[in-house]
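The same subunit A turns up in both complexes below, where it pairs with subunit B and then with subunit C.
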Partner chain A sequence: MMRFASLGQAALVALVVVYLLAVYLLPSQVWMGFTINALAMSIVALSWNITGGFGGMASFGHAAMYGTGAYASAVLQVQFGVNAWVAFAAGIAAGALMGAFIGALAFRYGVKGSYFALVTLAFAEVLRICASAFEITGAGRGLQLTLQPGVATLQFNNDRVLTYTLLLGIVALVMALTAWLKYSRFGAYLVAVRENEDAARALGIDTYRVKVTAMAISGAFGGLAGAVYLQLWLFIDSSVVYGVSISVTALIGPIIGGAGTVWGPLVGTLGLHLLGEGAKTALHGAPGLNFVLYALVLIAALRFLPQGLMGLAARIGVLGRKGGDDA
Partner chain B sequence: MLEVRNLTKRFGGLLALSDASLDVPEGAIVGLLGPNGAGKTTCFTIIAGFTRADSGSVRLDGQDITGLPPHRICGLGMVRTFQIVQPFAGLTVQENIAVGAYLRHESRREALAEARRIGQRLGMGALLDRPAASLTIAGRKRLEIARALATGARLLLLDEVMAGLIPTEVTEIVGIIRQIRDEGHTFLMIEHVMQAVMSLAETAYVLNYGKMIAQGTPQQLVRDPAVVEAYLGHGAAARLQEAAHA
Partner chain C sequence: MSSLILPAVLNGLTMGAVYALIALGLTLIYGVLHIINFAHGSLLMLGLYAAYFLFHFWGIDPYLAIVIVVPAFFALGYVLQRGIIAPMSAGSEQNVLLVTLALSLVIDNLALYFWTSNTRTADIAYAYDTVEVLGAYLTLGRVIAFFAALLVAGLMWLFMTRTRTGAAIRAVAIEKRGAEIVGIDVGHTYALCFGIGTACVALAACLLLPTFYVTPQVGYTFVLVAFTTVVMGGMGSLPGALVAGLLLGVIEALGGLFLGESLGQLGIFVAFILTLLFRPAGLLGRRPT
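And then the complex of A and B:
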């Protein structure tokens, strides 16, 4: 049973749900294609939200996990002929390992705040360069999956409605896991680490372990996002999946929507995509314009909406109930 | 219960602790006194595992815990509070206490129930759903104790929980601490203000410039010339004597 802090939050969530269902009914396929992209990106936003939102460890390099998930899956399928399902699972695992590795290294040396953001960015850049250098990762050419639609190959590109439904399912699953984490002991510990690390340590929390575990979980979601991208487009290259724009998309959605909430990353990512698409249409598709717009929205959000859209909505029509909320 | 032996700690050229030892027997309330900058907080940070001493050892229930990380020490039943209170500002009072309670209660429902119970016991029943950031200084000091207690620790190290409180609040906290002790907990408490400790501690140690200069009942200590000098400056004891005889 969902509980919300306010009518505003309930309305915002309802709006998103109605939109996502309405996409099935809209006559134009354009909406569905567009929303598929937004949903795919919201997975990496949900990934960032675990560490950046709940844990207060803002990364600027979530492409490191995203790209690793995509590449692990692609290399296994293209170079080793591994089954797509197995490769997909391996992509998730590889993302988790990469997250844990970056976390273990960074937190071992007490890296925090903007230094942590820079370390993650550096990792993503190094990985990008490596992927474009080695033959096994397709070097500068990238990796292309053989087009072979079917359940065994995890390729549903010929069925848009099915693709959309599967993506909805994946996003719902990641959000359910996020909600579960939020209400677990681990979630409480993660927030405690964000709020005050010394107090957390005094109360018996192994903060290093909590942070590394958070990076592993976030990495698993990030790897999942990358593996999903691969199955959607059947082609990856280092400048895309390890690119800065992935890292930016990962953090901007949660910050606009509400970091450290279950719905925030989806709300923010969808909102931004709609805004970006609207502007593109209005201004006849000037390239890169959506990022200029994102930057403006981000600045405005950081200035006026410290808790994002979910935080804003939470203040509208507050329900007379005590305790936390499920959103 | 707690045996601290010969702790020495340097910060650059500053000798913050020099060969300091103390004992806390089970069930006692022991005071750690001394003027500002004497090294009391440093002593706590070392005992609780936040900093390593240059030399010396700490034993808890006979087990050597020197150099263990804070979370392990907390798991063994000893927890510290902070002189500069450290609430989880974005959480409610109950959620703050629950973070401590999670150490022994894995389920959220149990941790929150335990947090409620402890909050009520510390007289914070009406504040449980308030954000911790909205608490007054007295409330925050209580929250520090509540969170520490929620971990299930048997030995609590309290760092100046009375500082900054008005007399009626001090009286309340004194009552609460005495009650918790009677339920089987042990305390080592730092107080800068002598009067606060006088009414609680059976024994107290006095630190000055990193050295343990005295140990005894609070009543003995206030008559100890070395202690009086530490607090009031060189020659103060002699002047007081003269004044008393004059």
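And then the complex of A and C:
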């Protein structure tokens, strides 16, 4: 399943893996806490990567799925007393439904390119306004889970190492699913749609169905990311989970790491978080400046790294065999 | 209730004129460069701060500040297009959208860093004087903005149809290569359009400041409304932007009246999604062939 185009790519992936394992050994808990945040964000980056990377449908509103996953899970737990595991699964399902719904509406009317980006953004904004207005979603106050650590409530906040391990497992699972998708027939259809939709349709691919399915899968990952956020922080608020910074983080990570690759979203998100954290330390915690940095890196990546870091690494130490692939 | 509808509609029209003015700049940029400028709202926010600081430090009335802010923003827009957006996007439509998104992030967050998230207002007493129109009381500042927006839309139309530069801009919009062949400097024309679009947004800022407030986040609110206006009016259509802006102002005002303040903007976004889905060519536009 893991085939690398070059020594450079293998080295980059190895670096990430070594870092993620080294976090266990670092004496300071700060590193683990920081990496937990980065891993949690990389799930939504992986979600964006399905549609934006493999499918070539760049969304500016992945918060729509993220927030829906978080709110579905929170509303079920807080307002209806549903078991946390069931609510967690419902959050994933709600994200998938929201993705399929947005996709079905947008693609039914042939919305694509920049228009698609704007439609997703508008959906996220509509949902944000609704969530901040209705009583069932906590109106302007947000929703708070009762602190009750335990396996039954899916709350592991008192055990950082366990939280970290679980997150590693979730990210690994999402990446394994992404890799499986990539080498499946469906993945080939999706890339065909990205490269040339008319040609794909002429070959008999039901492009509408492929695109909506991709949105549903992406939505499930996005909903998962939102549900994970809820269990990590036990509190959600419409301006955070439906906020534009989620949508932005979702797209910057994959673009910098390498959109349409399995490792790219994780590499990019982790790299950005390290950069942002470094800048925060250097600038004594000035708020918002990490986003300035992310944006500057994004501009530079668009200009100089069209394939992201994975694409750059692919050109270093190219292996001599044919059929090597971008991992 | 019915006695409240007319004032709401009139108030909506005055706000809608400002939306139209912001959208005029955005639609001009789209019509000629075929790019969606995500940083448009952030430029509005910068314009509001420029007008605010001129008032705050030197006591310059926002309406007088127009003669300083508008030319300065024209230059800023020109430089942004020539120096950053064109070279950094490497010619791809998707990249332009992302580059302007990144620009807006830089501008918004730097503003947050330097000017904090405090809400600031320029208190000019006469801006809140009321004017009676058809039995409804409207704020003077909004009425001025309304007529100024109509005036600018008219001037822009004259500029585009009656001047050589306007003709060159229209030529580039329709056939870039052909315009290049007959000797029009396309890069310069693109930057010129971006400059004019930015000048429009700066003018809107100066007209808006007396009856509004400024925070680093204010651009984001307006950028979505501006996109809606541009899409509803038909991407690139100047008269369309004017009509759609006024219409959206009314939709927002009536939404606020019937659904309550917090859901008032919902009408705008629902209108946006419906337009994108059912009439992507805009209310006045023709279906693309």
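We adopt the following convention: the second predicted complex is superposed on the first by the 324 of 327 C-alpha atoms of A that agree within 3 Å, B and C clash if a C-alpha of one lies under 4 Å from a C-alpha of the other, contacts with A are read in each partner's own complex, and residues count from 1 in each chain.
Assume a residue touches a chain if its C-beta (ideal position, glycine included) is under 8 Å from a C-beta of that chain, and two chains touch if they have at least 3 such contacts.
Remember, predicted model here, so these are calculated numbers, not experimental data.
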Task = After aligning the two structures on subunit A, examine subunit B and subunit C and state clash or fit.
result = fit
Ask   = Between subunit B (first) and subunit C (second), which does A:125 come into contact with in this model arrangement: first, second, both, or neither?
value = second
Request  = Report the partner of subunit A that touches more of its residues: subunit B or subunit C.
outcome  = C
Partner chain in contact with A:27 - subunit B first, subunit C second, else both or neither = neither
Remark   = Note, angle between subunit B and subunit C viewed from the Cα centre of subunit A, nearest 10 degrees, works out at 80
Ask   = Regarding the shared-chain residue A:200, is it in contact with subunit B (first), subunit C (second), both, or neither?
value = first
Ask   = Touching A:81, do we find subunit B (first), subunit C (second), both, or neither?
value = neither
Message = By the touch definition at the top of the document, which applies to A:58: first (subunit B), second (subunit C), both, or neither?
response = second
Message = Quick check on the superposed pair: does A:184 touch subunit B, subunit C, both, or neither? Answer first, second, both or neither.
response = first
Task = In the superposition described above, what is the shortest C-alpha distance between subunit B and subunit C in Å? Please give a whole number.
result = 9
Note = In their shared complex, subunit B is touched by residues of subunit A numbered 183-185, 188-189, 191-192, 194-196, 198-207, 322-324
Remark   = The residues of subunit A that touch subunit C in their complex are 58, 60, 105-106, 108-111, 113-115, 117-119, 121-123, 125-126, 129-130, 132-133, 140, 244, 248, 251, 255, 286-289, 291-292, 294-296, 298-299, 302-303, 306
Message = Please output the residues of subunit C touching subunit A within their complex, sorted ascending.
response = 36, 84, 87-90, 93-95, 97-99, 101-103, 105-106, 108-110, 112-113, 220, 224, 227-228, 231, 260, 262-263, 265-266, 269-270, 272-273, 276-278, 280
Subunit B - residues contacting subunit A, complex = 48, 50, 69-71, 74-75, 79-82, 86-92, 95, 98-100, 102-103, 106-108, 111, 129, 147-148, 150-151
